[in-house]
Structure formats: structure tokens, C-alpha cells
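Each structure below is given as C-alpha cells.
You will see two complexes here that share chain A, one where it goes with chain B and one where it goes with chain C.
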Partner chain A sequence: MSRLVPATPTAFHRLNPLTKVTLATTGSVGAVIVGGYLGPLTILGVMIALAAQAGVLRALLRASLFLTLPLAISVVLVSVFTRAGTTVLFQVGPFDATMEGVDFAGQTLVRLLAISMSIGLFVMTTEPRAFVFDLERRGVPPRAAFVAVATIEAVPTLIERAGVIGESQRARGLDTEGSLRARLRGLIPIVAPLILGSLTDVEERSLALESRAFSRPGRRHLLWTMPDSSPERVLRWALVLVLVLAGIARITGRI
Partner chain B sequence: MLELSGVSYRYAGYPDPVLHDVDLTLADGEIVGVVGANESGKSTLCLVVSGLAPGSVGGQLTGGGLSIDGQPMAGRPLHEFVTRVGIGFQNPATQLSGVTGSVFEEVALGPMNLGASRRDTVQRTRQALATLGIEGLAERAPRRLSGGQAQLVVLASLLAMRPGHLVLDEPTAQLDPEGSLLVASALRELAATGTALLVAEHKTDILEGLCTRIMALADGRTVADGAPAEVFGDARLTDWGVDPPARIRLDRLVRERGLDPAQVLP
Partner chain C sequence: MSFSWGRFDTRTIVLIPIAIAINIVLGQTVAAALKIPIYLDSIGTILVGVLAGPIPGLVTGLLANLIWTYVLPAPLQSSYAAPFAVVAAEIGFLSGVFAQLGWFRSRPNSSGQQLVIAAVVALVIVGGLAIYTVSRFYTGAFTFFSPEGDQSVAFQLLGWLIAVGIVGVIVGFLALLFLRRDAGVAYVVVAGVIMGVISALISAPIAAVVFGGVTGSGTDLLVAAFQQGGSDLQTAVLQQGLLSDPIDKVVTSFVVFLLLRSVSRRVIARFPQGEAAVGMERP
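Let's look at the complex of A and B:
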């Protein structure tokens, strides 16, 4: 049975999924609540250390930078040039780049990075099934669990199908290479069959699921779930407590 | 034993029934083949026998009814059907749940949904895999299987729920000859364990060597029901949109040339 459980190569991977999602939530919400530089940078430091332990640091940094880059560019441009301030660093046309704007952009960037690193670490070290089965073990209805896993697991299938449709369309002369405009034009003949094909499959798949007692009410006995432990439960509650205290401190103006 | 008596069925939104007054008896260990042209009612018959029509698909039984082991099944919830009748469709890809990481988990999904204990689920899963001789696939990712292997996994998934009857709607439609033979051989093994099988197929060559009885449908009505040799030898078979098995076509060709099949054919 142990062979069914997804691979857990490091101690961080072996943490219960709920612990990892609590950590991700504390990291991302905490970065927003605490603000400034110190809080988000501390969270960033913790996530980097954990990612290094889990052996995903390089991939996580790459993914986080890639995902936050478009948002970061717009944040920097909007904050630096439109934020009112007394210290003008330089001017571009009618816009003043202020020290306050640079400071605000810096704070927003470290927050964004802390959020993406927190969520990214969870995603990269947790098998979706492990997370959903753990939730089901804790009382989430099997149907909701199924929908959650099916949604996540459908992504690679859709990508695979889109690839096949794309190849067959290209075989019939569709040009999907070259300029951005040509690529966008090439997307249309792929999207329609992709959606229609997926809808057709849904009917047969739903019948197949019905034939496997999917509609039966009641709990089911799962084949495996990720282990949980008392230290992890303590850690989760401690993280929640830290988050609540940070929220209170923020509301009362202490941080 | 599964019995359909005088069943007529109409899809929701359609004025006319798709099945008209169909009778069918499926005894334990029996393999009944269903043949007919496209839209003759084969798939609808499979859905009705499995309880999915009208249970899940909707529509209405406008006449007759289904009983299993003498008990009428009208109004029963679908999850009660699945322990008595399993149904498999032609495309293995859409029958895999898409939520499991291994074949073992895929096969175990049905018993788990039935609320079986962990031990029972494992035992049923191992037994189903062993019955079809696919224990070696247990740890493989379902998405990475060939068509024939995936169809066998679908069959194992149905078997793990231990239904007394299995309904298969064109189980070899998307398989190559090797995959088709693999499935046919597995079905023969299954029937030997006492499971009753209803197999709707276009490939009469497979049905000829597999079935104990053949039922032919045309426009939703039963037009023939008898031993394979009798139904496949019927001169009206092509009028019903069914190609006779290669052996019978060859036999006819030989006769047309004035030769004796017993001397010419192996």
C-alpha cells in the first residue's frame, strides 16, 4: 500500500498537507498583514530555507519570479511615478519619481515575492490527491473532494488534448508560428474543438462514474492518507495564533 | 438472472421511443451479444439494462420493466444497481476517473465509493486485477496505459464492485486487433466465473467466438434472437446493418463459386 502514496523525498514533503497549507496561508496572509520590509523579508527567508530543505529552491525561485514579474513591473511603474511624495528622485515627462513611490514599490515587491514563494512551496511539495484525501479524512464530502482533484488533474489532460488538436490543425495548414498575431489567430481553431471535445467527454465520464457508485451517499474508507502528528498539530495552531496576533497588532496599530 | 420484459424507452425531449417492446433474459454465466446498425438502439439498451436510463440519463420507460434475480428494479437508486449490473463503454479514456495516480487506486475507486472497508477494498481490487491477469499494471499511471490495457482496467474496476451482470457497449471499438483479442479473452474468463455478460458490438467476428446467444436490433426492435450460428447465418443480417463474421462471408463466397466449403476452407 505504501507504493500508492506519492513520493516524499524530503522531510518537508513528508509534512501533512494541512500543515503545509497552513504554512502557505500564514506566509502569504502574514506578508500582507505585517507589511514593511522586515516581516515579508523574514517570511521570504523562512520559505527560502524550507525550499532549500525540500530541494526545490531553484525551481521555486524561477517560478515565483516568472509569475510575479508582470505584476511587479506594473507595480513599480505605477508606484514610483504616481505616488505622491516630497523627495523627487528624477522626472520622466510630466511624471515625478518619488522616494516614497520607490519605497512603496519595494515593500509591495517583497510582499508579492513572499506570497508567491509561500504558495509555490506548497504547490511544489504537495500532491493534490494527498491534500484532498487529507481534507476528506477530516470531513470534507467525497463529492467536493472529487471535484477538487478532478479539476487539478484535468489540467495535464487538457494540455495533452490541446497539443493533439494543435498538431492535427497544423497538419491541415494552420499557421501557429511566427508573430504574436499569427499565434493568437492560430489559437481559435484549437480552443473550440478543445472545449466541445471536453464537454462530450463529460457525459460519458459522468455515466462511468455513476456506474462506480459515485452517487452513493455516505463516507468512504480511503486507501491512504498522509500521516499527521502531534508536533504538526501544535505547529499548525501556533501558526494560526501568530497570524491572529499579527492581525490584532495591525488593527491596533502596534505594527 | 436479469430480465427485461416488453421494455420501451423514450429519451427526454423526443416524441418517439428508441426501444420498442424489447425482451431480454440474461442468465448467470451467459454471454449475449447485441448487434445492429448505428442508432438501432444497442447503446440505449445497454443504458436501460444498467439502470443509467432513465436513472441518470433521464427519459422514460414507456412500457415494461427490468428485474434482477426476480426483484423489480424500478425506482431503485443508481448505487443499488451498480452492485448488480456494471456497465462499460467504448472509450476507455473517458471511463477512467482521472483522479487516481495508479491502476490499483483506479480499480479500488468503486469499492471505496460503495463504502467497503479498507481491507475489503484491497482484497476486491487484488482479486479483480488477478481475474483479468493485469496485476502487473497495478502501479502504472492510468493515463499512460495503451487502449487495450485501459479497457482491461475499466473491466477490473467494474469487477471490483462484484456485479452479477456486466454490460459492455462496444468494448473493443477503439482497440487494435491485439487489444480486441485481449478483451475478448478476458470476457470469456469472466463468464467462466459465473458473471453474465451483455456485449453490444459491431465486430461480429469477436461475438461469434464469444457469445452463447446473439440478439439483433433494428430501429429499436428485436429482429432476431438465437444461437450465433443461427443469427449470423440469417440472410437478412446485412439488411439490419450488420456485417456477418468473416467465416460466414467466406463460406458464402465459396458456395457462390460452386465449391464445397468443407473441402476448401480449413
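Let's look at the complex of A and C:
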């Protein structure tokens, strides 16, 4: 069980996972609901302050910029140059860069950054297994929890397996580099054995699980609990309330 | 055969994480590396829908996108997957229904007559859907070839490229159908197109409101083109989706169809809906 207890360097890390995920969801959904510049920028500010407190600010900034960069390039190109508008700033060939497009791109960018910083902060400060087991303790079906935890293991396994298959196909003379066409053709001899092999593995794994009472009905009793406090509970409900109020305000057109 | 919503037996529960991993690995590597305007991030979801039933498919789609955002560790995690969980759920559900109707069955050695009927029926259904969507969503804004539209060379070229792409897909479909002599291809194409159109209708508002209409992949070029052609953002995203989603879902469904043919029937029959999906119990 020791590996389940996450290292707790800061107070923010020690918060219950549910509190952190509520914060992340309020931040990301809130940024979409409120819109404009002020709301998302406020959320960004809060997340930066919390990340600094948790000591992950540099890593978080790097990760969300990396994640947002391809989208950012697209947003700028798509909206600055092709969004209809009256105030033309400059022209490139047939494309007018409009003030309205710049404004829209700016709003989208702050919104996307607010989303990725909110969720990124949660992911960086929370041990995923602790989050899933905490949810299970709160009543999420054990099978859903199993799926979540097994996926964490399955993704690296699959990538490793793809690497092994790729190498053995190359040893048999498969061309996986070069032109786009060659790479496309090289994809099939890797992807097909990858998926087929995983499918045949299912049988073995489910037998192993069955022999360990996987389908036994009733609740599992977890030896391990995540600390939770009443201030945190109040904070969670307050965040949900803020989100609901923002939604109502948005629908009724007050913001 | 009575309709079933599907079952969560141990095999299905074990299959779901693997399917989600397939979605994530292929969705990230293929779409990002090849820069083609399709996503290929629902092979696993469709696989579960086909093998286990509509509800397991739905749950897989939903969980896949939520896990992608909230549970996976950093290099694989993507904060932008969760908003599209509804779309993934819809794909899983529909693939389960279609598989139960037998649309993912292989029909080898079909006679020439059957092939022609299958081709005509599939083209009529797809064509009907296409005419409906074009008349409903592309009127006034679909200005690639109209004299009022943007006449610049880039957009003429893009318009022709899209036209060539569509013709290519139809020719490829007919070639596959007649070369493989497998009427099942026609069913898979119809299933993929229906899933694609519905996915486009659901995902367009999400993409427009949350992401400003972009995904950071090759599809953004189409959004830019439609917006330049005079559509507002919401319409441009929908027009892009109605073009790329059906193609993406047809390709994905076809991959699953080919996989089902290559897996031994012994393996498939162990899943709750496996027998119905590949057609073992002939009436």
C-alpha cells in the first residue's frame, strides 16, 4: 500500500483528490462559461498562484504551453485571417487580417490556457491511483475504477509492444522511414499484430482476474483512505455553487 | 433475435482498458504524425461496441475521454479530450447497435448480383445523406465553385482537392467491394457514414464554443477555407466535420471490420456480442 500514498511536499498536494478535481473542473468549465478576457485571466491567475504554492509552476507552464501551442497556431491562423470583420488591419494575398479575428483569437487563447492550466495543475499534483481509489471509496463502481487504473498500465504496455513489433518487422525488412506512402504502408504490419495480440491477451488476463475473485458481488473494503476535512467539503460545494451560478448568469444573459 | 444492450462480463471489463489504450496511442501517433484530416482515435471504442454491445461501447467512449484528461500521467494526458466525451460515447453506442444488426459481418464470396445490389443500396443511402446535408448545411456558404465566392487560386485548388478526394473514396469503395467480393464492405461504409454525420452534428458546437473551431490538426485548413468562403465559425466547423468525420468513421469502421476478419472466431465468440457481430448463428 505504501506506493499508493503520494509524496506530499506541499499543502496543495495534500488536498483530497476530489477537491483538486472539483477545482480543475470549475476552472476549465468556468473559463468556457464566462468567456471574454477577464474571467479566464482571473482563473489563470488563481491557477498560477496555486501552482507556485505547490512548486510545480515551471513544469505546469511548460506542459500547458506545449499542449496548447499547436492549437494556438491554428487558432491564430484560422481566426485572424479568415474570420469576417470590418476593421481590416493588413492583407496577405486574399486574406484580410481583421480586428475581430485578432480579438476572437485572443479570447480563445486565454480560454484554452485556462483550461489546460486548471486540469494540468490537478494532474501534476495528484497521484492518479489515489484519485481513482478515493472515487471508489465514495461509491464509484469498482469495475469502473479497475478500468481507469488498468488503462494507466495499458498505455505504456501498448507503446512498448508497438516498439517490439516495429523492431521485429524492421528486422524482416519493413520500411518504416522515408516517404509518407512508405510510412503509411509500414503502419499496417505494426498496428494489426498489435491489436490482434492485445485481443488474444484479454482471455489470459480475465482468467487471472477471475481466479482472484474479480466478479465477486458486493463492495471491496479498501485498507487505505485519503484524508478529507470539512473545510475541503465546504470548499467543494462552494466551487460547485459558483459554477452553477455562473451558468445561470450566462443563460439569463447577465454576463 | 431480440435486441440486447450488451453485457459487462469480465472479458469486456478487461477489454475496455486495452481499447482505451488503443484509442489514445493510435489517436495521438497516427493523427499527429501523418497530419491527415482524420483522427483515427475511436478504433478501440468501436471494437468494444461491436464485441460487447451498445452500452459497453457507450461507457468505453465516455471513460476513454475522461481518463485521457483526468487520470493518465503527464506526457500522454490531454486536457482537451474530456469535452468530446459525448461524441465518443455516441460512436461506441451506435457501433454496438450496428454490429448487432450484423453490419460488421463479413459476407465473403457474394455473388455478382448481391454485390451490385449492395453497392447501389449503399451509394443511394450515402448519396441521400450527402444530398440532405449539402442542401441543409452548405447552402449559400458553399461557395467554392459559385461565382460569388472567393475566386483565389488557393481555394479553387482546395475545392478541387476535396472533390477529387470524394471521388477517390467512392472509387476506392467500389474497388474494395468488387475486388474482395464481400458485400459486408457496403454495410460497413453505411455504418461509418451514419456515425460520422451524427458525430459531426454533435461535435461541431463543442469545437466551436470551447476551441474556437480548431483541433491543431489538418482539419483546421478546411475550417479556415469554409470561413474564408463566407460561413460563420459554427457553420464552418460543421461543414468541416461533415466532410472529415464520415471519412474518418468509414476508415475506422473498416479497420475494425478487417480486424474482426483476422481474429480467430474462437476468440471473438467469447465476447458477449461476438457471435452476433461476426454472424456465427446463421438462421
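Criterion: the second predicted complex is superposed on the first by the 223 of 255 C-alpha atoms of A that agree within 3 Å, B and C clash if a C-alpha of one lies under 4 Å from a C-alpha of the other, contacts with A are read in each partner's own complex, and residues count from 1 in each chain.
The rule is short, and it goes like this: a residue touches a chain if its C-beta (ideal position, glycine included) is under 8 Å from a C-beta of that chain, and two chains touch if they have at least 3 such contacts.
Since the structure is predicted, the reported quantities are computational estimates derived from the model, not experimental observations.
Peer 1: In the superposed model built on chain A, check whether chain B and chain C fit or clash.
Peer 2: fit
Peer 1: Is A:F146 in contact with chain B, with chain C, with both, or with neither (first, second, both, neither)?
Peer 2: In the superposed model, A:F146 contacts both chain B and chain C.
Peer 1: Tell me which partner A:G120 touches in the superposition: chain B (first), chain C (second), both or neither.
Peer 2: second
Peer 1: Just checking: does A:S211 make contact with chain B only, chain C only, both, or neither of them? Give me first, second, both or neither.
Peer 2: first
Peer 1: After lining up the shared chain so the two structures overlap, which partner does A:F95 touch, if you call chain B first and chain C second: first, second, both or neither?
Peer 2: Touch status of A:F95: second partner only.
Peer 1: Counting residues of chain A touched by each partner, does chain B or chain C come out ahead?
Peer 2: Comparing chain B with chain C, the partner touching more chain A residues is C.
Peer 1: When the two structures are overlaid on chain A, which partner does A:M47 contact: first (chain B), second (chain C), both, or neither?
Peer 2: In the superposed model, A:M47 contacts neither chain B nor chain C.
Peer 1: In the superposed arrangement, does A:R220 touch chain B (first), chain C (second), both or neither?
Peer 2: first
Peer 1: Thinking of the overlay built on chain A, is A:L57 touched by chain B (first), by chain C (second), by both, or by neither?
Peer 2: A:L57 contacts neither chain B nor chain C.
Peer 1: Once the two structures are overlaid on A, work out the angle chain B-chain A-chain C from the Cα centres, in steps of 10 degrees.
Peer 2: So the C-alpha centres give an angle of 80 degrees.
Peer 1: Compute the least Cα distance separating chain B from chain C in the superposition and give it as a whole number of Å.
Peer 2: Nearest C-alpha atoms of the two chains are 7 Å apart.
Peer 1: Overlap the chain B and chain C contact sets on chain A and report the shared residues.
Peer 2: Touching chain B in the first complex and chain C in the second, residues 146, 150, 153-154, 157, 201, 205-206, 209-210, 214-215 of chain A appear in both lists.
Peer 1: Could you list, by residue number, the parts of chain C that touch chain A in their complex?
Peer 2: 8-11, 13-18, 20-22, 24-26, 30, 33-34, 43, 47, 59, 63, 67, 69-74, 76-80, 82, 150, 152, 154-155, 209-217, 220, 223-225, 227-228, 230, 232-233, 255, 258-259, 262-263, 267, 270
Peer 1: In the complex, go through chain B and note every residue touching chain A.
Peer 2: Residues 47, 50, 52, 55-57, 77-79, 82-83, 86-89, 91, 93-95, 97-102, 104-105, 108-110, 112-118, 121-122, 139, 143, 154, 157-158, 161 of chain B touch chain A in their complex.
Peer 1: Could you pull out which chain A residues touch chain C in their complex?
Peer 2: Where chain A meets chain C, its residues are 21, 24, 28, 32, 63-64, 67, 70-71, 73-75, 77-79, 81-84, 93-95, 104-105, 107-108, 111-112, 115-116, 118-120, 122-124, 128, 131-132, 143-144, 146-148, 150-155, 157-159, 162, 180, 183-184, 187, 191-192, 194-196, 198-203, 205-206, 209-210, 214-215.
Peer 1: Would you pull the chain A residues touching chain B in the complex into a rising list?
Peer 2: Listed in rising order, the residues are 1, 3-4, 6, 127, 129, 142, 146, 149-150, 153-154, 156-157, 201, 204-223.
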